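Notes for the one structure printed next.
Each chain gets a letter, A, B, C and D, in the order it is written, and its residues are counted from 1.
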Amino acid sequence: MVKPHTKNIPISPEIRIGGKDIIFIAGPCAIESYRQARDIAMAMRKAGLHIMRGGAFKPRTSPHTFQGLGKEGLEILRQVADEFGLLVITEALSVEHLPLVMEYADIIQIGSRNMQHFPLLWAVGETEKPVMLKRGFMSTVEEWLLAAKHITTRGNPNIILCERGIRTASDAGSNTLDVNAIALLKETCPYPVIADPSHGTGRSDLVLPAAKAALAAGADGLMVEFHPHPPQALSDKEQAVALEVLPQFVEEMRALAGVLGREIV
Amino acid sequence: MVKPHTKNIPISPEIRIGGKDIIFIAGPCAIESYRQARDIAMAMRKAGLHIMRGGAFKPRTSPHTFQGLGKEGLEILRQVADEFGLLVITEALSVEHLPLVMEYADIIQIGSRNMQHFPLLWAVGETEKPVMLKRGFMSTVEEWLLAAKHITTRGNPNIILCERGIRTASDAGSNTLDVNAIALLKETCPYPVIADPSHGTGRSDLVLPAAKAALAAGADGLMVEFHPHPPQALSDKEQAVALEVLPQFVEEMRALAGVLGREIV
Amino acid sequence: MVKPHTKNIPISPEIRIGGKDIIFIAGPCAIESYRQARDIAMAMRKAGLHIMRGGAFKPRTSPHTFQGLGKEGLEILRQVADEFGLLVITEALSVEHLPLVMEYADIIQIGSRNMQHFPLLWAVGETEKPVMLKRGFMSTVEEWLLAAKHITTRGNPNIILCERGIRTASDAGSNTLDVNAIALLKETCPYPVIADPSHGTGRSDLVLPAAKAALAAGADGLMVEFHPHPPQALSDKEQAVALEVLPQFVEEMRALAGVLGREIV
Amino acid sequence: MVKPHTKNIPISPEIRIGGKDIIFIAGPCAIESYRQARDIAMAMRKAGLHIMRGGAFKPRTSPHTFQGLGKEGLEILRQVADEFGLLVITEALSVEHLPLVMEYADIIQIGSRNMQHFPLLWAVGETEKPVMLKRGFMSTVEEWLLAAKHITTRGNPNIILCERGIRTASDAGSNTLDVNAIALLKETCPYPVIADPSHGTGRSDLVLPAAKAALAAGADGLMVEFHPHPPQALSDKEQAVALEVLPQFVEEMRALAGVLGREIV
């Protein structure tokens, strides 16, 4: 059951995050081409999903790897989303990028490495856009909620939290998806909580069971990376789920959501 | 679905761990009295459960806290289990205790702090009793499987793994239940995997959602601590679930197991 | 002995970081007033030190704590430093702040939470100012050196690394000063390495022994927080060393540096 | 300066741990042969050292690696130590081994994996032998001191603590030597504290700087693994320092100890 005190964040007239519905956000790690993005959007539409993710400005650990298509990536993402009636979430990497990203996105994503980049929190706090705040990969829940407060004290109440795995001593994936944190937040905090099992595991073969675990722990949504041809993905290829699996993945989530008294959208 | 390659560990003529059934082990952290143990065993029987846990020799961080009833605890546990037709799992703390514990237990538990106490692994490796090997609270999966090998190379193949949470930087509970490890083991390893959401969270309010997450990730069973009066428990009272909640807890697990194609026993 | 391959970063005609000399950077966590800053600068001058630190824009976990004096803080810091012939290091919190901070600082500090805020790395990479890059508090050395590369590939080779403690399971301080990382970097990497035992321990009573450990492990410098009245400090009061201790602290460092074949400046 | 409240643990009429002297324990990871052990003992004698380490029963993560020579290893260790007038420290792996180990050793070592193996703590607590209690590689200082209390409450006050590195997210060595813990213990606890920079780094090239850092942080002694031919060592070869380096290693420690007002023995 959805906790009665969870806030309802309106994304569009039809779509809200934090209610009985479980939001299934899908899309590629990075927008690579119109063709790649369109294939994914079409598959999402067929599966009954509504919010598409896709990175245009990619924060990459090494300066020598693919950094995203930039503004062109935003344009492609918006175009294919509009074509299939989808909403868009994408990351704002810094204060300077924010005005540009706001033109294209329905939800602004704050990335894990920026959870405590306070100038960016203040800047999105001065807008009214829904903000998805990813947990720092080494942050406590307390620090995460204080980061959210940096946003809300500037006036924007539309916070969605995203648990995306933490760095631990475990070797079961590149991160450890913290289902305890999901359960704790659903007990104690009014914001909707989304889980990102793609970064939360870092391994495509673990994404589906981790997604189920997140839902079972109480998550209000999922964000999962798909790619038409994972071995050729320009970023995060180890964790991308093959697009052809998407319908089956969504079906298994629907069955699980049903027994939890909820519905996937 | 249960993974087809998972080994089936026979505990009794009727009960096996690692098949389609999901084993729900319940019981107190420590056996405190005949009355306490009997109340729990009776509730378990009514709920259709089959394996009872209970500590007699308790490995406690501080020497000034309750260390268990010792042999008397074993006797009480066996007595109430027999009264209600239950099987028994309890911890062998060291090589010297092993012969005594083997008289009373159907499954020998190796505790988290003893995962790499090799003389004990060798000793249980020379028996044929089913062994539940708990993961060290900051051990990798690789180290865990090597510890299992210390047992199997001595001749005992009846290994059940138990994920019980790892120490991390998260503040969402005293440990972080590693659902990724459960999912990984179900992909790659033949041993049945049980989850302990009581130690895996350390907070009674998180035990139910964490238990659901573990099942959804693929666990073959659960081990949960219950107590008739948690505030008066002599050990681990923060994480004990009230016994009166047990029927509802089991019901929610049954519904979840159903959608996963499995059944709680 | 200083490693022969360490780069020499010129800060002024007289002061270089990375040579035989060990740089002892001191100052308050945050600039609170002209009086506070001047007292510290005067004590530093008397002790023969040359580089003063002090925060003007403070990245604070909670939005409800002191966030720094802002531009006024920069002005005070520069004024007292000039009065006593000191050089200045202070943090640039974001790309927007950078031009302002560059007017006042001789060394730009990139804070731990910003180690992977790539737009800021790119921006300082396009200047010629010396940059002190603090390690993320749960980052690997590999990620840290890749962050440095984000700066150098834009053209600025003047990198100073600062080890400031990592988040671990230890309860000996709020962080664990990673002396292994200092030793490793001195074996393998050309950048000078400074240690911050104030954040590296989070406890004023551990700062002196941790500072000694850092030097003994091979550090090319130290950055230590002092305050005239630690209990009244507006930020980080648990870790501030009392200003009256500064002369003795520096003396102990000088003795230790001597036996290592180096000299404190 | 040695902290005035540190207890003095007598090992022999001449040697005490916890006073002004800094004890330098050396030896191989595992005793491999009479020749190997004798070469090391001879080099130790020449360098003025007094306590030799060497493993006979090795607790190894994998069951397929060298597990030590067992009783023969103890005999060799005692023989070469007596030949060169050295004292002996070696590990008791379990309660069953303890009587045997007590015949050969002057100090009983409790290994990191056994820090919370309470039956063994109780057993050494009932002897009067000096006990070196290694910190669990994932334990807090609080848990460590409570483990020491499990020994002292049984009657044995002769505790020596050994910091040997903790598991962290750092990639600078296989463990992180926790110098903060050394400093904290010297502030707050009466037991002498030894550092093990061999396990504390896991890399032979980092052992010397880490050893210096430990002394500078206040350690009362060191335990360092040497081997005549590290590439041929049967265990822990990555971290063994070449025996030919021992004289120079000890000399550098003597110089450092001198500036700290102490002396290496």
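In this text, contacts are C-beta pairs under 8 Å (C-beta built on N, C-alpha and C of every residue); 3 or more make two chains touch, one makes a residue touch a chain.
The structure presented is a predicted model; accordingly, all values stated were derived computationally and were not measured.
Colleague: Would you pick out the chains that touch subunit B and also touch subunit D?
Modeller: The common neighbours are A, C.
Colleague: Based on the averaged CA atom positions, which chain is farthest from subunit B?
Modeller: C
Colleague: Give, as an integer number of Å, the spacing between the C-alpha centres of subunit D and subunit A.
Modeller: Roughly 49 Å, centre to centre.
Colleague: So the centre of each chain is just the mean of its C-alpha atoms; given that, what is the distance between subunit A and subunit B in Å?
Modeller: Inter-chain centre distance comes to 35 Å.
Colleague: Which subunit C residues reach two or more other chains?
Modeller: If we look for residues of subunit C contacting two or more partner chains, we find 138, 167, 169.
Colleague: If each protein chain is taken as a node and each touching pair as an edge, is the resulting graph a line, ring, star, complete or other?
Modeller: complete
Colleague: Going by the contact rule set out above, which residues of subunit D touch subunit B in the complex?
Modeller: 59-64, 93-97, 113-114, 116-120, 137-138, 143, 146-147, 149-150, 153, 167
Colleague: How about subunit B: which of its residues touch subunit A in the complex?
Modeller: Of all residues in subunit B, those touching subunit A are 138-142, 166-173, 175-187, 200-201, 203, 205-206, 209-210, 212-218, 255-256, 258-259.
Colleague: Could you please specify the touching residues of subunit D with respect to subunit A in the complex?
Modeller: 138, 167, 169
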